[in-house]
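Chain IDs A, B, C and D follow the sequence of writing; residue 1 opens each chain.
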Amino acid sequence: MTIRLLYFATFRDVAGRDGEDRRVAPGTPVSALWRELVAEMPGLARTGSMPPAAVNCEYTGPDTVLADGDEVAFLPPVAGG
Amino acid sequence: MTIRLLYFATFRDVAGRDGEDRRVAPGTPVSALWRELVAEMPGLARTGSMPPAAVNCEYTGPDTVLADGDEVAFLPPVAGG
Amino acid sequence: MHLTPEPIDLAPLLAGVRPSDGGVCVFLGVVRDNHAGRETRSIEYQAYGSMAESEMEKIARALEREWPDSLVAIRHRVGLLAVGEASVAVVASAPHRAEAFAACRAAIDRIKATVPIWKKEFHPDGSSEWVDPTRGDSSTAR
Amino acid sequence: MHLTPEPIDLAPLLAGVRPSDGGVCVFLGVVRDNHAGRETRSIEYQAYGSMAESEMEKIARALEREWPDSLVAIRHRVGLLAVGEASVAVVASAPHRAEAFAACRAAIDRIKATVPIWKKEFHPDGSSEWVDPTRGDSSTAR
(Lines give C-alpha, C1' and ligand atoms only; values in the text may rest on other atoms or scores of the structure.)
Protein backbone atom coordinates (compact mmCIF):
# COMPACT_ATOMS: atom_id res chain seq x y z
CA MET A 1 0.00 0.00 0.00
CA THR A 2 1.02 3.62 -0.44
CA ILE A 3 1.04 6.56 1.92
CA ARG A 4 1.78 10.24 1.34
CA LEU A 5 4.62 11.44 3.54
CA LEU A 6 5.14 15.17 4.21
CA TYR A 7 8.25 16.92 5.51
CA PHE A 8 8.39 20.30 7.26
CA ALA A 9 11.01 22.70 8.58
CA THR A 10 14.19 20.92 9.69
CA PHE A 11 12.90 17.57 8.46
CA ARG A 12 12.32 19.08 5.03
CA ASP A 13 15.87 20.39 5.03
CA VAL A 14 17.23 16.95 5.94
CA ALA A 15 15.05 15.10 3.44
CA GLY A 16 15.66 17.65 0.71
CA ARG A 17 12.04 17.42 -0.40
CA ASP A 18 8.53 18.52 0.66
CA GLY A 19 7.05 15.05 0.54
CA GLU A 20 6.86 11.73 -1.24
CA ASP A 21 4.59 8.83 -1.97
CA ARG A 22 5.96 5.83 -0.14
CA ARG A 23 5.17 2.13 -0.13
CA VAL A 24 4.68 0.60 3.30
CA ALA A 25 3.73 -2.92 4.34
CA PRO A 26 0.14 -3.40 5.53
CA GLY A 27 0.02 -3.32 9.32
CA THR A 28 2.90 -0.88 9.66
CA PRO A 29 2.54 1.33 12.74
CA VAL A 30 3.65 4.94 12.77
CA SER A 31 6.63 4.09 14.99
CA ALA A 32 7.97 1.56 12.48
CA LEU A 33 7.73 4.08 9.66
CA TRP A 34 9.74 6.53 11.75
CA ARG A 35 12.46 3.91 12.34
CA GLU A 36 12.61 3.24 8.59
CA LEU A 37 13.00 6.93 7.84
CA VAL A 38 15.72 7.39 10.44
CA ALA A 39 17.61 4.43 9.01
CA GLU A 40 17.57 6.17 5.62
CA MET A 41 18.13 9.70 6.94
CA PRO A 42 19.94 9.64 10.28
CA GLY A 43 19.79 13.45 10.29
CA LEU A 44 16.11 13.24 11.19
CA ALA A 45 16.84 11.74 14.60
CA ARG A 46 18.28 14.72 16.36
CA THR A 47 16.26 13.79 19.39
CA GLY A 48 16.23 10.26 20.71
CA SER A 49 12.51 9.65 20.68
CA MET A 50 9.95 9.76 17.90
CA PRO A 51 8.63 13.27 17.28
CA PRO A 52 4.91 14.03 17.34
CA ALA A 53 3.20 12.46 14.34
CA ALA A 54 0.05 13.30 12.43
CA VAL A 55 -2.03 11.00 10.26
CA ASN A 56 -4.56 12.72 8.03
CA CYS A 57 -4.05 16.01 9.86
CA GLU A 58 -4.66 14.58 13.35
CA TYR A 59 -2.08 14.07 16.04
CA THR A 60 -1.67 10.37 16.61
CA GLY A 61 0.33 7.95 18.75
CA PRO A 62 3.21 5.68 17.71
CA ASP A 63 1.03 2.57 17.64
CA THR A 64 -1.45 3.84 15.06
CA VAL A 65 -1.46 1.44 12.13
CA LEU A 66 -1.17 3.09 8.74
CA ALA A 67 -3.77 2.60 6.03
CA ASP A 68 -3.50 2.89 2.29
CA GLY A 69 -3.73 6.52 1.19
CA ASP A 70 -2.93 8.00 4.60
CA GLU A 71 -1.21 11.37 4.72
CA VAL A 72 1.53 11.12 7.31
CA ALA A 73 3.81 13.75 8.80
CA PHE A 74 6.36 13.72 11.57
CA LEU A 75 6.49 17.15 13.15
CA PRO A 76 9.60 19.01 14.33
CA PRO A 77 8.97 21.13 17.44
CA VAL A 78 6.28 23.62 16.45
CA ALA A 79 7.03 27.32 16.78
CA GLY A 80 3.93 29.17 15.64
CA GLY A 81 2.47 32.19 17.33
CA MET B 1 -11.26 82.69 49.91
CA THR B 2 -12.83 81.10 46.84
CA ILE B 3 -12.69 77.60 45.42
CA ARG B 4 -14.02 76.17 42.17
CA LEU B 5 -16.43 73.31 42.79
CA LEU B 6 -17.27 70.80 40.05
CA TYR B 7 -20.20 68.40 39.87
CA PHE B 8 -20.39 65.20 37.81
CA ALA B 9 -22.94 62.53 36.96
CA THR B 10 -25.53 62.04 39.73
CA PHE B 11 -24.11 64.94 41.73
CA ARG B 12 -24.51 67.20 38.70
CA ASP B 13 -28.12 66.07 38.37
CA VAL B 14 -28.78 66.82 42.05
CA ALA B 15 -26.99 70.19 41.96
CA GLY B 16 -28.54 71.17 38.67
CA ARG B 17 -25.26 72.72 37.50
CA ASP B 18 -21.78 71.71 36.29
CA GLY B 19 -19.91 73.75 38.88
CA GLU B 20 -19.69 76.96 40.83
CA ASP B 21 -17.30 79.34 42.47
CA ARG B 22 -17.81 79.09 46.20
CA ARG B 23 -16.57 81.05 49.18
CA VAL B 24 -15.14 78.96 52.00
CA ALA B 25 -13.52 79.96 55.28
CA PRO B 26 -9.72 79.65 55.44
CA GLY B 27 -8.77 76.37 57.13
CA THR B 28 -11.79 74.49 55.83
CA PRO B 29 -11.03 70.79 55.31
CA VAL B 30 -12.58 68.81 52.47
CA SER B 31 -14.84 66.95 54.90
CA ALA B 32 -16.37 70.19 56.18
CA LEU B 33 -17.10 71.36 52.66
CA TRP B 34 -18.87 68.06 52.00
CA ARG B 35 -21.03 68.53 55.12
CA GLU B 36 -21.92 72.05 53.99
CA LEU B 37 -22.96 70.79 50.56
CA VAL B 38 -25.06 67.97 51.99
CA ALA B 39 -26.81 70.44 54.27
CA GLU B 40 -27.77 72.47 51.21
CA MET B 41 -28.49 69.50 48.93
CA PRO B 42 -29.46 66.41 50.93
CA GLY B 43 -29.81 64.51 47.62
CA LEU B 44 -26.02 64.34 47.40
CA ALA B 45 -25.78 62.07 50.44
CA ARG B 46 -27.14 58.87 49.02
CA THR B 47 -24.40 57.02 50.81
CA GLY B 48 -23.63 57.67 54.43
CA SER B 49 -19.97 58.50 54.09
CA MET B 50 -18.14 61.17 52.15
CA PRO B 51 -17.45 60.11 48.56
CA PRO B 52 -13.94 60.18 47.10
CA ALA B 53 -12.77 63.74 46.67
CA ALA B 54 -10.27 65.38 44.35
CA VAL B 55 -8.44 68.66 44.85
CA ASN B 56 -6.72 70.04 41.77
CA CYS B 57 -7.23 66.76 39.91
CA GLU B 58 -5.66 64.58 42.63
CA TYR B 59 -7.49 62.18 44.91
CA THR B 60 -7.27 63.49 48.43
CA GLY B 61 -8.41 62.62 51.92
CA PRO B 62 -11.13 64.27 54.05
CA ASP B 63 -8.64 66.17 56.19
CA THR B 64 -6.99 68.07 53.35
CA VAL B 65 -7.32 71.79 54.03
CA LEU B 66 -8.57 73.81 51.10
CA ALA B 67 -6.61 76.72 49.67
CA ASP B 68 -7.76 79.73 47.72
CA GLY B 69 -8.25 78.88 44.04
CA ASP B 70 -8.45 75.11 44.56
CA GLU B 71 -10.51 73.11 42.11
CA VAL B 72 -12.57 70.64 44.15
CA ALA B 73 -14.77 67.75 43.09
CA PHE B 74 -16.61 65.06 44.99
CA LEU B 75 -16.83 61.98 42.83
CA PRO B 76 -19.80 59.64 42.48
CA PRO B 77 -18.78 56.00 41.99
CA VAL B 78 -16.73 55.96 38.80
CA ALA B 79 -17.86 53.72 35.97
CA GLY B 80 -15.37 54.16 33.15
CA GLY B 81 -13.96 51.39 31.01
CA MET C 1 -4.36 62.82 24.81
CA HIS C 2 -6.15 59.87 26.44
CA LEU C 3 -9.71 61.15 26.17
CA THR C 4 -11.43 61.52 22.84
CA PRO C 5 -14.93 62.34 21.63
CA GLU C 6 -14.16 60.56 18.33
CA PRO C 7 -14.45 56.83 17.63
CA ILE C 8 -11.34 55.12 18.93
CA ASP C 9 -8.83 54.29 16.21
CA LEU C 10 -6.45 51.47 17.12
CA ALA C 11 -3.95 52.32 14.39
CA PRO C 12 -2.12 55.14 16.19
CA LEU C 13 -1.99 53.08 19.38
CA LEU C 14 -0.53 50.08 17.57
CA ALA C 15 1.95 52.33 15.78
CA GLY C 16 3.75 52.71 19.10
CA VAL C 17 4.78 49.05 19.21
CA ARG C 18 8.58 48.86 19.26
CA PRO C 19 10.87 46.56 17.23
CA SER C 20 11.80 44.75 20.44
CA ASP C 21 8.16 43.90 21.20
CA GLY C 22 6.99 40.38 20.46
CA GLY C 23 3.58 40.51 22.10
CA VAL C 24 0.81 43.06 21.97
CA CYS C 25 -2.30 42.70 24.09
CA VAL C 26 -5.24 44.94 23.27
CA PHE C 27 -8.37 45.32 25.33
CA LEU C 28 -11.48 46.99 23.97
CA GLY C 29 -14.41 47.82 26.19
CA VAL C 30 -17.52 47.81 24.05
CA VAL C 31 -21.04 49.07 24.72
CA ARG C 32 -23.20 46.01 25.37
CA ASP C 33 -26.86 45.68 24.45
CA ASN C 34 -27.83 44.80 28.02
CA HIS C 35 -26.86 45.44 31.62
CA ALA C 36 -28.31 44.29 34.92
CA GLY C 37 -31.13 42.52 33.14
CA ARG C 38 -32.25 45.52 31.07
CA GLU C 39 -31.81 46.32 27.41
CA THR C 40 -29.36 49.10 26.62
CA ARG C 41 -29.70 51.34 23.59
CA SER C 42 -26.76 53.68 24.13
CA ILE C 43 -24.42 54.96 26.83
CA GLU C 44 -23.27 58.47 27.55
CA TYR C 45 -19.77 58.71 28.98
CA GLN C 46 -19.04 61.82 31.02
CA ALA C 47 -15.53 62.59 32.28
CA TYR C 48 -13.85 64.95 34.67
CA GLY C 49 -11.57 65.66 31.75
CA SER C 50 -8.41 67.09 33.25
CA MET C 51 -8.36 64.62 36.12
CA ALA C 52 -9.23 61.66 33.89
CA GLU C 53 -6.29 62.56 31.63
CA SER C 54 -4.01 62.76 34.62
CA GLU C 55 -5.23 59.45 36.11
CA MET C 56 -4.86 57.57 32.84
CA GLU C 57 -1.38 58.95 32.37
CA LYS C 58 -0.48 57.86 35.90
CA ILE C 59 -1.85 54.36 35.31
CA ALA C 60 0.09 53.90 32.07
CA ARG C 61 3.37 55.16 33.51
CA ALA C 62 2.97 53.14 36.74
CA LEU C 63 2.40 49.95 34.75
CA GLU C 64 5.48 50.62 32.65
CA ARG C 65 7.47 50.87 35.87
CA GLU C 66 5.94 47.66 37.23
CA TRP C 67 6.62 45.77 33.96
CA PRO C 68 9.81 47.58 32.96
CA ASP C 69 9.85 46.38 29.35
CA SER C 70 6.21 47.18 28.69
CA LEU C 71 4.63 50.07 26.83
CA VAL C 72 1.04 51.00 27.67
CA ALA C 73 -1.30 53.22 25.66
CA ILE C 74 -4.83 54.13 26.73
CA ARG C 75 -7.74 55.81 24.97
CA HIS C 76 -11.14 56.46 26.53
CA ARG C 77 -14.05 57.86 24.63
CA VAL C 78 -16.58 60.37 25.94
CA GLY C 79 -20.00 61.33 24.65
CA LEU C 80 -22.91 59.23 23.44
CA LEU C 81 -22.00 55.76 22.20
CA ALA C 82 -24.19 53.20 20.46
CA VAL C 83 -24.15 49.46 21.17
CA GLY C 84 -21.02 47.92 19.66
CA GLU C 85 -18.90 51.05 19.89
CA ALA C 86 -15.66 50.94 21.87
CA SER C 87 -15.59 53.07 25.00
CA VAL C 88 -12.02 52.26 25.95
CA ALA C 89 -8.91 50.78 24.38
CA VAL C 90 -5.74 49.62 26.09
CA VAL C 91 -2.71 48.55 24.08
CA ALA C 92 0.10 46.94 26.07
CA SER C 93 3.17 45.71 24.28
CA ALA C 94 6.24 43.93 25.63
CA PRO C 95 8.97 41.61 24.44
CA HIS C 96 6.94 38.60 25.61
CA ARG C 97 3.25 37.90 25.87
CA ALA C 98 2.99 37.30 29.62
CA GLU C 99 3.94 40.89 30.40
CA ALA C 100 1.71 42.24 27.65
CA PHE C 101 -1.32 40.38 29.01
CA ALA C 102 -0.57 41.30 32.62
CA ALA C 103 -0.06 44.99 31.94
CA CYS C 104 -3.17 45.17 29.74
CA ARG C 105 -5.37 43.46 32.30
CA ALA C 106 -4.05 45.60 35.14
CA ALA C 107 -4.60 48.73 33.06
CA ILE C 108 -8.29 48.14 32.44
CA ASP C 109 -8.85 47.06 36.04
CA ARG C 110 -7.27 50.28 37.31
CA ILE C 111 -9.04 52.45 34.76
CA LYS C 112 -12.37 51.10 35.99
CA ALA C 113 -11.37 51.64 39.62
CA THR C 114 -9.95 55.15 39.61
CA VAL C 115 -10.43 57.19 36.44
CA PRO C 116 -13.19 59.78 36.99
CA ILE C 117 -15.53 58.79 34.19
CA TRP C 118 -19.21 58.03 34.55
CA LYS C 119 -21.72 56.38 32.30
CA LYS C 120 -25.43 56.87 31.86
CA GLU C 121 -27.35 54.06 30.24
CA PHE C 122 -30.25 54.80 27.93
CA HIS C 123 -32.98 52.20 27.44
CA PRO C 124 -35.41 51.61 24.58
CA ASP C 125 -38.28 52.97 26.70
CA GLY C 126 -36.52 56.33 27.02
CA SER C 127 -35.47 55.92 30.63
CA SER C 128 -31.86 56.31 31.70
CA GLU C 129 -29.68 56.05 34.77
CA TRP C 130 -26.12 56.54 35.92
CA VAL C 131 -24.38 53.21 36.46
CA ASP C 132 -23.06 52.60 39.96
CA PRO C 133 -20.66 49.65 39.88
CA THR C 134 -20.43 49.68 43.68
CA ARG C 135 -24.06 48.57 43.87
CA GLY C 136 -23.67 45.65 41.47
CA ASP C 137 -26.51 47.02 39.36
CA SER C 138 -27.81 50.33 38.08
CA SER C 139 -29.06 53.12 40.27
CA THR C 140 -31.94 55.09 38.90
CA ALA C 141 -31.43 58.82 38.89
CA ARG C 142 -34.61 60.81 38.33
CA MET D 1 -9.69 30.53 6.83
CA HIS D 2 -7.21 30.85 9.70
CA LEU D 3 -3.99 30.91 7.68
CA THR D 4 -3.13 33.79 5.41
CA PRO D 5 -0.12 34.86 3.36
CA GLU D 6 -1.37 38.47 3.52
CA PRO D 7 -0.76 40.98 6.32
CA ILE D 8 -3.26 40.33 9.09
CA ASP D 9 -6.18 42.74 9.09
CA LEU D 10 -7.92 43.06 12.45
CA ALA D 11 -11.05 44.65 11.01
CA PRO D 12 -12.78 41.46 9.84
CA LEU D 13 -11.92 39.75 13.14
CA LEU D 14 -13.36 42.62 15.18
CA ALA D 15 -16.44 42.69 12.96
CA GLY D 16 -17.50 39.42 14.59
CA VAL D 17 -17.98 41.03 18.00
CA ARG D 18 -21.61 40.60 19.05
CA PRO D 19 -23.99 43.19 20.57
CA SER D 20 -23.92 41.22 23.84
CA ASP D 21 -20.13 41.48 24.10
CA GLY D 22 -18.71 44.05 26.49
CA GLY D 23 -15.07 43.01 26.40
CA VAL D 24 -12.75 42.20 23.53
CA CYS D 25 -9.22 40.97 24.14
CA VAL D 26 -6.86 40.93 21.18
CA PHE D 27 -3.42 39.38 21.11
CA LEU D 28 -0.94 40.12 18.36
CA GLY D 29 2.27 38.17 18.03
CA VAL D 30 4.80 40.42 16.35
CA VAL D 31 8.19 39.67 14.79
CA ARG D 32 10.82 40.93 17.23
CA ASP D 33 14.18 42.35 16.26
CA ASN D 34 16.05 39.87 18.46
CA HIS D 35 15.83 36.35 19.84
CA ALA D 36 18.11 34.29 22.04
CA GLY D 37 20.67 37.09 22.07
CA ARG D 38 20.90 37.48 18.31
CA GLU D 39 19.56 40.14 16.01
CA THR D 40 16.65 39.11 13.79
CA ARG D 41 16.01 40.63 10.39
CA SER D 42 12.98 38.61 9.28
CA ILE D 43 11.16 35.35 9.98
CA GLU D 44 9.75 32.83 7.57
CA TYR D 45 6.66 31.03 8.82
CA GLN D 46 6.01 27.63 7.29
CA ALA D 47 2.80 25.72 8.00
CA TYR D 48 1.40 22.28 7.48
CA GLY D 49 -1.55 24.11 6.00
CA SER D 50 -4.45 21.69 6.20
CA MET D 51 -3.53 20.47 9.67
CA ALA D 52 -2.81 23.98 10.96
CA GLU D 53 -6.26 25.08 9.80
CA SER D 54 -7.83 22.13 11.54
CA GLU D 55 -5.88 22.66 14.78
CA MET D 56 -6.72 26.38 14.95
CA GLU D 57 -10.38 25.61 14.32
CA LYS D 58 -10.31 23.03 17.12
CA ILE D 59 -8.66 25.48 19.52
CA ALA D 60 -11.20 28.22 18.83
CA ARG D 61 -14.21 25.93 19.17
CA ALA D 62 -12.84 24.25 22.31
CA LEU D 63 -12.31 27.62 23.99
CA GLU D 64 -15.85 28.67 23.11
CA ARG D 65 -17.08 25.53 24.86
CA GLU D 66 -14.87 26.19 27.90
CA TRP D 67 -16.01 29.84 28.13
CA PRO D 68 -19.56 29.37 26.84
CA ASP D 69 -20.25 33.05 26.17
CA SER D 70 -16.98 33.69 24.37
CA LEU D 71 -16.26 34.04 20.68
CA VAL D 72 -12.73 33.31 19.46
CA ALA D 73 -11.21 34.23 16.10
CA ILE D 74 -7.67 33.32 15.03
CA ARG D 75 -5.47 34.34 12.13
CA HIS D 76 -1.92 33.13 11.54
CA ARG D 77 0.28 34.43 8.79
CA VAL D 78 2.68 32.37 6.69
CA GLY D 79 5.57 33.43 4.51
CA LEU D 80 8.38 35.90 5.08
CA LEU D 81 7.69 38.59 7.69
CA ALA D 82 9.74 41.65 8.57
CA VAL D 83 10.35 42.92 12.09
CA GLY D 84 7.19 44.57 13.41
CA GLU D 85 4.78 42.53 11.31
CA ALA D 86 2.10 40.48 13.06
CA SER D 87 2.47 36.71 12.72
CA VAL D 88 -0.67 35.84 14.66
CA ALA D 89 -3.82 37.53 15.88
CA VAL D 90 -6.35 36.24 18.38
CA VAL D 91 -9.59 38.10 19.05
CA ALA D 92 -11.65 36.84 21.99
CA SER D 93 -14.86 38.59 22.88
CA ALA D 94 -17.28 37.93 25.72
CA PRO D 95 -19.90 39.76 27.77
CA HIS D 96 -17.27 40.53 30.43
CA ARG D 97 -13.56 41.15 30.32
CA ALA D 98 -12.39 38.28 32.53
CA GLU D 99 -13.60 35.69 30.03
CA ALA D 100 -12.24 37.64 27.09
CA PHE D 101 -8.77 37.81 28.64
CA ALA D 102 -8.80 34.16 29.72
CA ALA D 103 -9.93 32.82 26.36
CA CYS D 104 -7.44 35.03 24.48
CA ARG D 105 -4.51 33.98 26.64
CA ALA D 106 -5.44 30.30 26.43
CA ALA D 107 -5.77 30.58 22.66
CA ILE D 108 -2.28 31.89 22.06
CA ASP D 109 -0.79 29.42 24.54
CA ARG D 110 -2.45 26.51 22.73
CA ILE D 111 -1.58 27.84 19.29
CA LYS D 112 2.06 27.89 20.27
CA ALA D 113 1.85 24.40 21.73
CA THR D 114 0.02 22.44 19.05
CA VAL D 115 -0.50 24.20 15.70
CA PRO D 116 1.95 22.79 13.13
CA ILE D 117 3.71 25.98 12.14
CA TRP D 118 7.46 26.54 12.13
CA LYS D 119 9.59 29.62 11.93
CA LYS D 120 13.01 30.23 10.48
CA GLU D 121 14.88 33.27 11.70
CA PHE D 122 17.06 35.26 9.34
CA HIS D 123 19.93 37.32 10.73
CA PRO D 124 21.72 40.38 9.34
CA ASP D 125 24.79 38.25 8.53
CA GLY D 126 22.74 36.06 6.20
CA SER D 127 22.57 33.05 8.48
CA SER D 128 19.28 31.47 9.44
CA GLU D 129 17.88 28.69 11.59
CA TRP D 130 14.63 27.01 12.51
CA VAL D 131 13.51 27.98 15.99
CA ASP D 132 13.11 25.13 18.44
CA PRO D 133 11.13 26.35 21.47
CA THR D 134 11.76 23.07 23.27
CA ARG D 135 15.43 23.95 23.52
CA GLY D 136 14.89 27.39 25.01
CA ASP D 137 16.98 28.92 22.23
CA SER D 138 17.53 28.52 18.53
CA SER D 139 18.84 25.39 16.90
CA THR D 140 21.09 25.87 13.94
CA ALA D 141 20.05 23.87 10.91
CA ARG D 142 22.72 23.34 8.26
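In this section, contacts are C-beta pairs under 8 Å (C-beta built on N, C-alpha and C of every residue); 3 or more make two chains touch, one makes a residue touch a chain.
No experiment lies behind these values; they were computed from the predicted model shown.
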Common touching chains of subunit D and subunit B: C
Averaged-CA centre spacing for the pair subunit C and subunit A, given as whole angstrom: 49
Distance from subunit B to subunit A - Cα centre to Cα centre, in angstrom: 73
Between subunit C and subunit B, distance of the C-alpha-averaged centres to the nearest whole Å: 25
Sites on subunit D at which at least two other chains make contact: 29, 108
Pairwise chain contacts under the document criterion: A-D, B-C, C-D
Sites on subunit A touched by subunit D in the complex: 6, 8-10, 12-13, 46, 54, 57-59, 73, 75-81
Contact footprint of subunit A on subunit D as seen in their complex: 29, 45-48, 50-52, 54, 76, 87-88, 108, 111-120, 130-135, 139, 141-142
Subunit D - residues contacting subunit C, complex: 10, 14, 17, 19-34, 83-84, 86, 93, 95, 97, 100-101, 104-105, 108
